[in-house]
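Quick one: the structure is below, and I'll ask about it shortly.
Going in written order, the chains are labelled A, B, C, D and E, and every chain counts its residues from 1.
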Amino acid sequence: MSAAHAPAGRRAGGLAQGLLARLGPVVLAVLLWQWAALAAGSPFFPPPGRIAGRVAELWFSEPLLTERFWQDAGPSVLRALTGWLAGAALGVVVGLAAGLWKAAAGYVDPPVNFLRSLPKPAIVPVFLLVFGSGDLMRIGLITFGCVWPVLLNTMQGVRSVDPMYLETARAFHIPPRTQLLRVVIPAALPKIFAGMRVTLSLSLILMVLSEWLLADHGLGHFLITAQRTFEILDVWAAIVLLGLLGYLLNVLFLAAERRVLRSRPS
Amino acid sequence: MTALQVSNLSKSYGEGNPALHNLSFEVREGELLSIVGPSGCGKTTLLKCVAGLVPATRGEVRVHGEEVSGVPEGLAVVFQDYGRSLFPWMKVGQNVEFPLETLRLPKAERQERVERSLAAVGLEGKHERYPWQLSGGMQQRVAIARALAYRPKVLLMDEPFASVDAQTRSGLEDLTRRVHLEFGMTILFVTHDIDESVYLADRLVVLRRSPGSVLAELVIELPRVRDQIVTKSLPAFVRQRSVVAQHIKDAS
Amino acid sequence: MTALQVSNLSKSYGEGNPALHNLSFEVREGELLSIVGPSGCGKTTLLKCVAGLVPATRGEVRVHGEEVSGVPEGLAVVFQDYGRSLFPWMKVGQNVEFPLETLRLPKAERQERVERSLAAVGLEGKHERYPWQLSGGMQQRVAIARALAYRPKVLLMDEPFASVDAQTRSGLEDLTRRVHLEFGMTILFVTHDIDESVYLADRLVVLRRSPGSVLAELVIELPRVRDQIVTKSLPAFVRQRSVVAQHIKDAS
Amino acid sequence: AGPISITISNPANVSNVPLHLAMDKGFFAAEGLTVKADVDLGSGSTVEAVVGGQVDMAWANVVSGLSAYSKGLGVKLVALTDTAVTGSQQVLVGKGSRARTLADLKGQKLAVLSPSTICILNVRSALKAQGLPADTIAFTPVAPPEHANVLESGEVAATCTSDPFRTLMIDQLGARSVFDTSSGELEGYAVGGYLVSDKYAAANGRALAGFQRALLKATAYANAHPDEVKAALPKFTTIEAAVANKVIVNKYLETADVATLRPQVQRIADAMRTYGLAENPIDVSGYFLTSP
Amino acid sequence: MNAPVTTTGVRAEPRRPGVRRRTSPRGALAAFLRGTAGAALLTLAFEVFARLELVDPRLLPPAGVILGEALRLLVDPAFLVEVWATLVAVLGGVALAAAIAVPLGVLIGSYRLAALGLTPIIDSLRSVPGIAIIPLLVLVMGQGVSMKVTIVAFVAVWPLLFNTVYGVRGVDPVAMETARAFRVPVHRTWWRVVLPSALPLVLTGLRLALATGLTVGIAAEIAVGTRDGVGYFILRASYAGFHADTVFAAVTLAGVLGYLMNGITVALTNRLVVWDGKGPS
């Protein structure tokens, strides 16, 4: 019987065990993959060893990162992060408003739910025609995609704040603004983070999509070129790079989250 | 002077679920009124109506002559559900200090009030703990310290000592009397401990079982300054104690 | 026969934050042991160690001779933090019935136990309410009803009557004595009410302030079957009551 | 055994009209074949479907097919369908553009169908002829329906577009051609053809021979009846009849003779090497389906 | 004790109509009107922008034209068949995603080791864009409905997973201790304690998953050129050339479809989650 929580603070079994737990499954997965790829022998499924070699060759040789890395991934990641930040900020603000002020939710809900259900590739032309060419349109698209999860989670988080917290705050005449900053937001924070974390990877995906549909550089461009010219190894290399970037961003995000939420009971 | 006036107050939670029925009483400025009554008779509901946290279904509440709509100024509450009224993301010190920030007190004074009120409830040196690192009784005392540090004109306390041991409880009772007298604080004190209700009160209201309404009201005739041993052995105390006990028996 | 044996139990929450220190005592089968001690001395911690909910730092706990690692079988707990130990998504009846499902009792028997235990705590007819629609005292009684319906061999109760009015409290105290005698239930009862601790106990342990350890242990010499008025006026009761009071004074 | 069935993934374009004529006219049935044509709208994943065995055969443009072949995916060319004529594919600029020639697009972006399109070869070859470096113009792959949008928004300076979008953009948006891809070095280039996987080729030699014969009959018929070609277009493509009438019809190839086709293909393979779409020289000798 | 909060300093209206207080017909009408007002504003903004004719109206038709075309599509059986095809793929994909994500989320949320071990894999996997793996999926599955379901599941799994994990981690420790104290078996604890407690967040995840699944399902139809679905309809209209009105009408209806799916999920949530915002979460 131990459906217990992951006790954040407890250093169960120490560092070694943690490291094993962290790396074990990854190593296992890669080994399985290598074995399956070798067994299948399909040109579309190169073994991870070769992919890793290609990734290193393309982006991680020279001193540390190749010039190509900055060419392919640099602008892409920048776009993704900018769009993510803008989307998260917008999502939190609108989500707070809609969570706190039911009437606002009434006005906002239908258009929001309509907008977020629009298929992204199909609305790229609209973004293109409205925002014109250039990064504005791409960042706009990423922002547009990132807003919704954060918005929804924020709203949900705000609506399920323990009413006792609010009653306490009211009983002590905490002004609305302070209530918002010191009570509502901290109480909703775990849920806001959940939304932001979902969105972080989404921003990478949307970045690829925006570059996929039209770009002359960046990871999306690299990917579509590789794919259309049957550079299968490059396709996989790009997928792995995206996975690495996603993992890295998530590690950074989790570290930040842990700092912010460290005071919570385990 | 009337600090608090409750007139014909009724409250029901939805159809056919009345909690309070036609309740009227008043509390004079600087008076300590105990409210006793059986579990579920509506004491917490009454307190929340007075605090303006819950709208009355009928009737009205006036604090210092003004009808309560929002939470009246200069009023503080110690909630029965202390476990959930402390903010888990704030340390103990921050929890106590938080309402003071709104009062725009200088940092030094805030600090001092936090120190003093935490010390008053026997929690000196626990500033840096989080509420969930404290025992139940300690959490409840943090909630009390928070209200005391706020120095309200009117203080509502909902079974504030329920989770505290006898020894500490006596100390807190005396503390309550002391701030009541010292600062002329008007206090509405909900409890189900008969001894406590009599020991603390200037006046006492017994509520009848649901939907709650006033069953009896009595003025406690005890000296203003009280002592746990001396006062509790006064014949007046013993007599009034048993009167209240009898009322409560009738109430349930 | 020993139902419960605590030997050299120590528990600390991280470095330099000891809650219990070298605690030893035992409870015989079918005995009711009261535990009293100042707020924050480690009573809740002790109960959680006995229940196997929290691992001891040192020492061991044996229930019916077996060392506790997980939660021992046939054991139930009434938590101090009743407000959070009831599941808000279950109605009152469901909350009480929930642990019974694990016992694989037939539906009819489950229903009957739910009925009877809710009635025993004075909450008949509240099945369909949600916990958050009840007053604090009522919630606490739901938690008690849940433990009673479970019919454990060993029952741990952490200040179970703290939020209940005097009248109901007396009733619940008598109920506790009754199930204790009727079912031969072993009960570990944490309270900070001295009268209650003496009135209920077969034996009594006083804990010393942090880190908690046993300050005194005394056998309560009162008849097995007790009565609120008769028993509490027995000279033995009055005497033992003041002995405990003195101990507690020493403890804090 | 009953008739052999072949599933073909084919884009909805002019090149595939003979396939559909052959189906309609019963040419395949006469060879004992049941052909099922899966019309594909611009997915770019048809070669994967062939290699993975999800479909038996797919039409691909020559560059794309050669690219798959050269990367060792194990594909074989069953037949080439058509060669380009003037107007098949053009580089278009917007109404307001002042560009007159490719050279005027220097330092700007050109939208192309895909990163492996013959247009890139054509443009680079033309640039080379004018003594300009290959990277004078940057290429951006854009799906054809978006060509009008990217041109209008200013994202690109020009688009390399084929019918029906070429006709529509010229007629309705006032776009203007500055370059015809069927000119210069690669004039009359082969547009595309049908691919199968090596495995499929090895197992179905007889059926594929039958396919080639039936298709030849259909290409001959198509060349002889241009009106029927235009009439067939709206039936399996999304092109409307009015537009179909203005569409430029390529010249369909009436031969399956490897010796004749091979130089056609090799020419493009060499150009791919020259103009940066292939890293190594491509030897096309293993590319053709050898008769059983 | 915790009475329904009706007025907060920060909250102007009852927080949650919930189940006990059913939305009155009048309230529903008001909500509908508010929603319509919001939608009208959006439409108007688009209309004005289009009417400025900064962009050729054949590429970006005004809202009025799009809406007219949308109304026509709404009764066009040929279009409705495509809607059905998309719906089947999206619901299938989200169901598959939920079947994977919820148990996995409970596992990861409950056990630190599972979280440690699986996080790197998950974080890497979910940063892989669905479109990048489409060619690989086509290779294995072709261009039919199973491929669509897979790609929808691939993207819908993450919001469900993360919301479940955060939901499970947010279960009140006292509630967990209570279940343990009564020796409630693990599976029953998950079922009766962890899941209900996490349910509000899981349902939020479901809403996100449905929306994401719908957009990606349609995107896949566009990108893969599958043989049916709204995306296919859009693709066909765009390949026909200069039918921006039909394209945007179909896109609009896709949005409406998403709006409806969301509405149904919200109604479901309100029915299932009576207690949310009533007590410790």
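We take it that contacts are C-beta pairs under 8 Å (C-beta built on N, C-alpha and C of every residue); 3 or more make two chains touch, one makes a residue touch a chain.
By chain, with names taken from UniProt: B, C = NitT/TauT family transport system ATP-binding protein; E = NitT/TauT family transport system permease protein.
Bear in mind the structure is a predicted one, so any value in this text is a computation, not a measurement.
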Each chain counted as touching subunit B and subunit E at once: A, C
Greatest separation from subunit B - chain, by CA centre: D
Out of every possible chain pairing, which has the most C-beta contacts? A-E
If you average the CA atoms of subunit C and of subunit E, how many Å lie between those two points? 47
Separation of subunit B from subunit D, taking each centre as the mean of its C-alpha atoms, in whole Å: 85
Rounded to the nearest Å, the gap separating the Cα centres of subunit A and subunit D is 39
Multi-partner residues of subunit D (each touching 2 or more other chains): 44, 48, 51-52, 146, 149, 152-153
So which stretches of subunit E touch two or more other chains? 1-5, 9, 55, 59, 135-136, 139, 180, 183, 185, 223, 278-280
Residues within subunit B bordering two or more other chains: 13, 44-45, 48, 53, 70, 80-81, 84
Footprint of subunit A on subunit E - complex, ascending: 2-5, 8-16, 30-31, 34-39, 41-42, 49, 55, 59-60, 109-113, 115-121, 123-133, 135-136, 139, 155, 158-159, 162-163, 165-166, 168-171, 173, 176, 179-180, 183, 185-186, 189-190, 194, 200-201, 204, 207-208, 211, 214-216, 218-219, 222-223, 230-231, 234, 244, 247-248, 250-252, 254-259, 261-263, 276-281
Interface with subunit D, subunit E side, in the complex: residues 55-56, 58-59, 134-136, 138-143, 223-225, 227, 232, 235-242
Of all residues in subunit C, which touch subunit B in the complex? 13, 17, 36-40, 42-45, 80-81, 83-84, 133-138, 141, 159, 162-169, 192-194, 245, 248-249, 251-252
Quick one: in the complex, what on subunit C touches subunit E? 48, 51, 53, 70-71, 73, 75-77, 79, 81, 83-85, 87-90, 98-99, 101-102, 130-132, 134-136, 139, 150
Footprint of subunit B on subunit A - complex, ascending: 162, 164-165, 167-168, 170-175, 178, 182-183, 186-187, 189, 263-265
